[in-house]
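Going by the order they are written in, the chains are A, B, C, D and E; count residues from 1 in each one.
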Amino acid sequence: MTKTTPQKRYGMVIDIDRCDGCGACMVACSLENNVSVVPPEAGIHRGLTWIRVYSVTNEKEYPHSDTAYLPVSCQHCGNETPCVGVCPQSAVDVDPKNGIVSQIPERCMGCRYCMVACPYHARYFNWWDPVWPEGTEHLLNPGVTPRMRGVVEKCNFCHGRHHAAQERAASEGRSEIEPNEYQTACAEACPNGAITFGDLADKDSEVAKLAAGPESFQLLKTLGTGPKVYYLTQRGWVRDMAAKTPLPLDGQPDD
Amino acid sequence: MGFSVKRRDFLGLVGGGAVGAALSPAPWKGLDDIAIWTQNWSWKPRLPRGPVEVAFTHCGLCHAGCGLKVRSVGGSPVGVHGVPGHPLSAGFVCALGLAGRYLSYHPSRIVEPTIVGADGQRRGIPFKAAVRQLGDWLDDTRSGGGHGSVAILDNRPGRMRSLAYRKWLGALDGAHIKGLREDTPINRLRAMLDGPAPELGLDIARARTVLSFGAPVLEGLGSGEAGSQLRGRSDSDKPYIVQIETRPSRTARGADLWLRIAPGTETVLALGLANVLVSEGLYDKEIIAQQALDLDGPGGYRELVARFSPKKVSRITGIDAATIKKVARRFASGPAVVIPGVDPGGGPLSAEAQTAAFSLSLLNGDVGRPGGVVARRASGTTQLPREGRLADTVELADVPDGSIRLLIADGVAGGFAIPTSLLERKLNPSEGRVVSLAPFERSALHGADLVIPSTTPFESIDEAGVPIDAPVDSMGLTVPSMRAPDYSVDSLRVLSMVAKSSVVPTITELLRGRSDRIHAGERGSVFDPSKGESVPLTEFKTNGDLWRALTSGGLWTDASATFSCPPFRLMGANAAIRDRLHRALEQPSTADGWAHEITLMPFGWRDASGDGPLPPVMAKLFRETRLRLDSRFATICPKTAGDLGFVEGDKASIKTSLGSITVEVVLDPAVVDGVVHVAVGPSTEAFGDASRGKGDQPLDLPSCENDACWRVIPAKMLEVVS
Amino acid sequence: MIEPLTNRAPTRVFLTWIGFWIALFAIGGYFGMLCLSQGLHHTNMNNRFGFGIWIFLDLTVIALGAGAFFSAFLLYILKKQALKDVIGSAVVLGFICYSGAVVVLAIDVGQPLRAWFTFWHPNAHSMLAEVTFCLTLYLLVLAIEYVPLILKNPSLSKNVSLLIFEGQLHKVVVVFAGVGAVLSFFHQGSLGGLYGVMNGRPFAFREHFFIWPSTFFLFILSAIAAGPSFLILINKLASKITKKQLVRKEAYDFLGRISGWLLLAYVGLKSADTIVWINHTAPASGYSVSEFFKEASFGTWILFAEIVLFGLLPALVLINSRLRKRPSLMIVAPMLVCIGIAINRYVMTLQSQSLPTLPFEEFVLYTPSLVEIGVFGGMISYGVIVFSLSYRYLPLYPGLRQKAKT
Amino acid sequence: MILTRRRTTILFFIIGLVVAMLAGWIAVPAALYESIEQPLGFSHVVHSSDDVGMECDDCHHLTSEGGFAGIPQIAVCVDCHEEAIGTSKDELKLVEEYIKPGREIPWLVYARQPDNAFFPHVRHTKLAKIPCKQCHGDHGQTKTLRPLKRNRFTGYSRDIWGHDFSGITTSPPWSMKMSDCVDCHRKRGVRDSCLACHK
Amino acid sequence: MLPGMYEFHFELGHLIFLGGFMTIGAVIGATLLIALFRSTRIVTVPGGAKESTEGVLHHVGHTLLRPLAGGTLKISLDDLGTRLLGRPDRMRLPGIGQRITEGADAVKLWRKQAAATIVAPVSGTVVETGGHDDKWYLRVLPDATPVEGENLMGATKVRSWLTSEIDKLQAVLSSEDLGLAMADGGEPLPDLPSAVPDADWQKIYSEMF
């Protein structure tokens, strides 16, 4: 396992209190990455949604009823990445330079072992042949290749945009890109500015500050996979729900 | 002994061949090529190749008029993004806008003019024959019909195109019917003002309190700037949002205070709030005394309101008296905005509810004050270059029943869903005919006799809308980023080919005319999307410069204007409405006719407006996840489910006198007991699976006798064992 | 033409018997082609259930097929002559299990044409890569061990050079037995390691010794425990169908004893591992074990059934020589052993995917679709066909001497 | 002795070996690649000669966004070829069939990478200063355009696999399959992950 | 997989993993080749284990024919013959693939300057030879099956033939006044030549075989 600490650690901070479940991020992500639409009989467990908004209620009657929306995408785990260790033909790889967990559909054999291994269920399998409506072939985003049947696909932090930013920087003679030049489609599309994307390793970046803030929490932190997506909330029940997995060994709630 | 020469040597030959093949690259390259073949199956789409051009335009899919940055390759758009710093949308584009380009290839796209023959079968006819048919129908309608026998249903009445429609209708003594939209209720407030009033807008961004009667404030109401950005703001002077709604909508769940009223009791609550304002004198007495014409005297506003004590109101609406008092005091504490909402699927509030709501605004003196209701000076949209009578614009509800003999529906996207029964009632029962000039088949007009394909907003130049919450008027253009297919034709061209008498100008002439008039006005500023900042209009020397700026995605915004509120009637001018206001109390929240098992409340998703087609990618929200429940699901609260004997996931049928739909039950503790919420769409057909057929249409159920309001429908809910 | 060995069923009886299985195999084949040509949406697997009944079938069948390498190891290396009777059927059984599992895997995988990527771009840390390597190699070894059996068919043995080659092969079979044992040790273990390695799945994750999780060793132990029992079952079944005493009593007794003691060891280690898992491993990843068994379909009864009912009980029966004498017990006990192993594979495959990991997800159940059951049946029928043909045309059982025609 | 006739078997073995090698090295490549003529003849020499005086980056230039404009659009040709200047039949064909109807010329790209490969020309030419000849060979000095050799099975151009069917190229222009790119990166100490070059 | 490949880096995991795989592959390949190689050349290999006696035939030349699975026959010396010859000093067996014809001599054994030639009980091709010190055997593919001939006796007839053979041996030995060759039970000693060294074994062998 290449444990070299990457120069950059791209990550996201999602403010749950700002997210109102509009789903613009899901649509923007699917458009940016040429994610196809599955037939109607697919049901909710065979879709292709690289970022998936779960709605969670506090199960209370009016007037105390409250709802939180949790967009969950690949967390680009940095420590013992579950899916990298299991892929039999190295179709999954953590980029040492920026910590992005990649998934190469051309190398993927479709054994789906990584899907079983991922605790965040952030990996989606093409159960059907991806089909595009008649004539829309030339509307696809040229920066991302469409996948084929029988392979797994996942969020790669809009790497097509990372390429475009690299090209733009290179045309100005720079080989590294500036933080504001590269942003994911979901962060750009979110109407309420709930999603912030950036380099967690760069201490004075917006993402790093928010992630280090008191309100931040992570999903399944006790599993120790080192997710790089942080969530913010000031609502106690949301934090308790996220930490619903029983108390870790030392018995204190994980605050 | 030994073997025939043939077999042993044959084995030798094969062995040699195998070794030879292994030593040549052919089999290994073959293996590699097979793997590459699995990547390039013939049915896998090829990516567009070529340099990427960036252009700016506006989105025409609804009246919010968000700014768009469009990346295209080889003339077709491959990426749509928001324009940061845009005066109206501030970088926001809703899901529908992002994926709008896919609508041009939607299976329900009308690709040839079709007509319903005598046998009721729809078949295609050439464009010339369609226009001739329309001309014939027009002739025999004008010969026989009285006023309003020809009508145009216009989903966005404030545009230059609407002016051309009204001029064309003027010559035919027709009616220009306003389609259902977010800002339809604003005209109710203008009707309450005494004397001519300018266009009105709601200044939500600077309001201290927002009192929303079911309006989707946090779901992208209006444009991104004021609407859904509210939730994003954390500064202290963020407007305090009070959502008065029965349904646990996204706005209700996200609002600062959610008043969950019993179904159909908005009027009672509004008057209850008014009662607190009047009884505690929380209003500017001198001004109101001068301006309010129907404040005192018998049957006056003060007397009406006195009967709505908080205790009585709380019994009817289910909101406790203390909360009513608290909301009223907060409302009176500063500039506030009242929005009687129009639900994309549930339709408008009743007329008396809108009047009661706006009376609060008038009482609070918010009309004409920043942070309340502001005036938007019309800019170059009031008069046409040449002379001619303009037909007046009427509400769908105010159109007398059975009066329309030829209805022409302008099918541009963005209008909200209308129940089929409501339209049919307005048509003349015997010779009523509907002609739809639309790019898509729309379920409300799926019965149209003649359909002529028109362009989608991404393919034709037109005016971008002005959002409900824009403090000033503005003009932006939807510059086409895709080539319009040759079978689609502009609605104005159809009318000009049909109209024998008056000349109908083309859309470009109209827009250029307005642009020139704005340039002559030398007011406001122009936003340049590529640079991201605004430049005063005076810097544009000729009107050609302005036109070039607009056609490259720029946006002209007017300067703000002050407007003092004229005298007004708190109970509106219409006697019928005043009468219904007085009888609001006697009408118990559930009228005797409603002693039905359950109250059906249809609703619609703001950016998936009920019946129109949707880009297939929106299925991610409705089908591939349970984030939004579409027309297959009904939400009820666990208590009601228990009474009716339902469990989560059961199949149930909801019946009214007009029909029934089958739904799957979803439990939600936040729903009012005895109420079931069903989304009016999108059906699977909306995502392009035409083979699946329309599916159940919740909007076929309401009969809406009284003034076209179908938000609350008495119904029965039965178990369907499937 | 190859005609059957003497004293075999008349052709007509044999054809009806094999006809039925060929029909079943054809159905399985059709469904397999359906999945390969149109895609895997015909199955009921989904994004929460990457592994379905096919992976469970593969795991169970390979575990039961461990009888081949284990009896070869015992016979040729530890010189336990009692196994001489069953070695023929063991090799055939092993070949069937492994080749059947590989074919089902080819259908289960989304892009079978890229299967060779695992060899060309291997990920050395992946348990599945290790399984692929050792499984394919061991399949080769099984094929090599199967060839002498084929060469012993009378019509084939007219060809002297083949006979000589068969003679030589027989002389080097010891090497293959050893290599087979090493390969099987690794891939049986890695099949277990598949689950123990997943640090994202607290239900499946186990403590590690160096780079191998405890399930690595548990799967090996359970495989070599179940292999002999499965062998007993199949041979008893075969002798019941052919109404001939194919294998001597000592062979059954020996197999039973071995299976019993190994199973006892397995049950001991498995319980120890479960205790460590309950008290240390699962809580460390933040999950209390009570949460794992909260749902009725995967309650604690399944843990009890796997370890005690189908583990300890048959083990105690099999290690007791007196009980091993009773023929009825010698069928029931091995059957319990095989079912116990199947439950273990079922739980590790399906329960670990049913359990939600994210706090806002729900427990999801999975039922196989007709297509999946069709292919499952197809693989079983493939096994029966190959075994029947081998029994009919190849001298599987040396004891059953072909009468010299004097 | 069992194998009495060893000699003939060995003979057959050798025959098999030779036939297979011939097929593998010569027949299969010939059959696998179809050669397709370019829609138009084009002489780089004439265009870059002194009297015409065009530079390479007049047609093949980097865009402001850093993307590579690749083969020019028809608009570039229209600047000079509004009317036929010379007498060559290709130019006539250019004017008649493409310039007048305003249709893009469907050039066949020799070095077309598949959809999933991301090759940033700007980083290689501007930052790494690698000459175009390194991968494309001396295309600038050609008088006519060689036919495109395309793999019937995968649709890739032969320039990707390399003209030596073994796939091993010893001198520029290097072939452009993944292993070649990797060798070049490795020689320069560039250590990348998959997504650096995959889209 | 190979050093030239993209992401191959000499890391411990790769070394162990591929190293193990390669060696096992090599071992399998090598053993296969050895077996193949051996079957094309002649190499004697130690004999197999004891088989059951059912279906065995005896030949007057004191050889046993035991049918093996797969239609081959195993030819070895019968009990009397092994006692007569004991541990032969030298033996010459036919080559693998060589044909033997019924009646012609197939095997020659030497013991203390005396030579005994064993007659082939059946005609066929030698498939395998084996055996060390006194336990040599031939595995032969008979030309015709089933194997029969007047010199071949089933288990029933062999007993009477054997007693006559012992009497014949008795007669020959007595002519050499060596009466001691018989163990008391009337059964010949296991290794007669060493028990009775100075008998004219050449005559005995020519007489008995």
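Heads up, the rule we're going with is that a residue touches a chain if its C-beta (ideal position, glycine included) is under 8 Å from a C-beta of that chain, and two chains touch if they have at least 3 such contacts.
Please read these numbers as outputs of a predicted model, since none were measured by experiment.
Visitor: Which chain pair shares more contacting C-beta pairs: B-D, or B-C?
Guide: Looking at contacts between chains, B-D has the larger number.
Visitor: From the Cα centroids, identify the chain that ends up most central relative to all protein Cα atoms.
Guide: If one averages C-alpha positions chain by chain, the most central is A.
Visitor: Taking each chain's centre as the mean position of its Cα atoms, how many Å separate subunit B from subunit C?
Guide: 62
Visitor: If you average the CA atoms of subunit A and of subunit B, how far apart do the two points sit, in angstrom?
Guide: About 32 Å separates the centre of subunit A from that of subunit B.
Visitor: Taking each chain's centre as its mean C-alpha position, how far apart are subunit C and subunit D in Å?
Guide: Centre-to-centre distance between subunit C and subunit D: 51 Å.
Visitor: Can you work out the whole-Å distance between the CA centroids of subunit B and subunit E?
Guide: Centres of subunit B and subunit E (C-alpha means) sit 99 Å apart.
Visitor: Residues of subunit A that contact two or more other chains, please.
Guide: 39, 42, 46-47, 54, 90, 93, 105-107, 129, 145-146, 148-149
Visitor: Indicate the residues of subunit E shared as contacts by at least two other chains.
Guide: If we look for residues of subunit E contacting two or more partner chains, we find 5-7, 96-97, 125.
Visitor: Indicate the residues of subunit B shared as contacts by at least two other chains.
Guide: Residues 34, 37-39, 46-47, 49, 52 of subunit B touch two or more partner chains.
Visitor: Quick check: in the complex, which residue numbers of subunit D touch subunit B?
Guide: 2-5, 8-21, 23-25, 28-29, 32, 63, 65, 67, 69-70, 73, 114-116, 151, 153-156, 161, 165-167
Visitor: Could you pull out which subunit D residues touch subunit A in their complex?
Guide: It is residues 62-67, 114-116, 118, 120, 122-123, 126-127, 191-196, 198-199 of subunit D that touch subunit A.
Visitor: Quick check on the complex: what are the subunit A residues that touch subunit C?
Guide: Interface residues on the subunit A side: 1, 39, 42-43, 45-47, 54, 56, 70, 72, 80, 82-83, 85-91, 107-113, 115-121, 123-129, 148-152, 219-225, 241-249.
Visitor: For subunit C, which residues count as touching subunit E in their complex?
Guide: 81, 119-122, 124-125, 129-130, 133-134, 137, 140-141, 144, 151-154, 157-158, 160-161, 163-169, 171-172, 175-176, 179, 182-183, 186, 395, 398, 401-406
Visitor: Show me the residue ranges of subunit C that touch subunit B in the complex, using the header's touch definition.
Guide: 111, 113-114, 116-117, 159, 161
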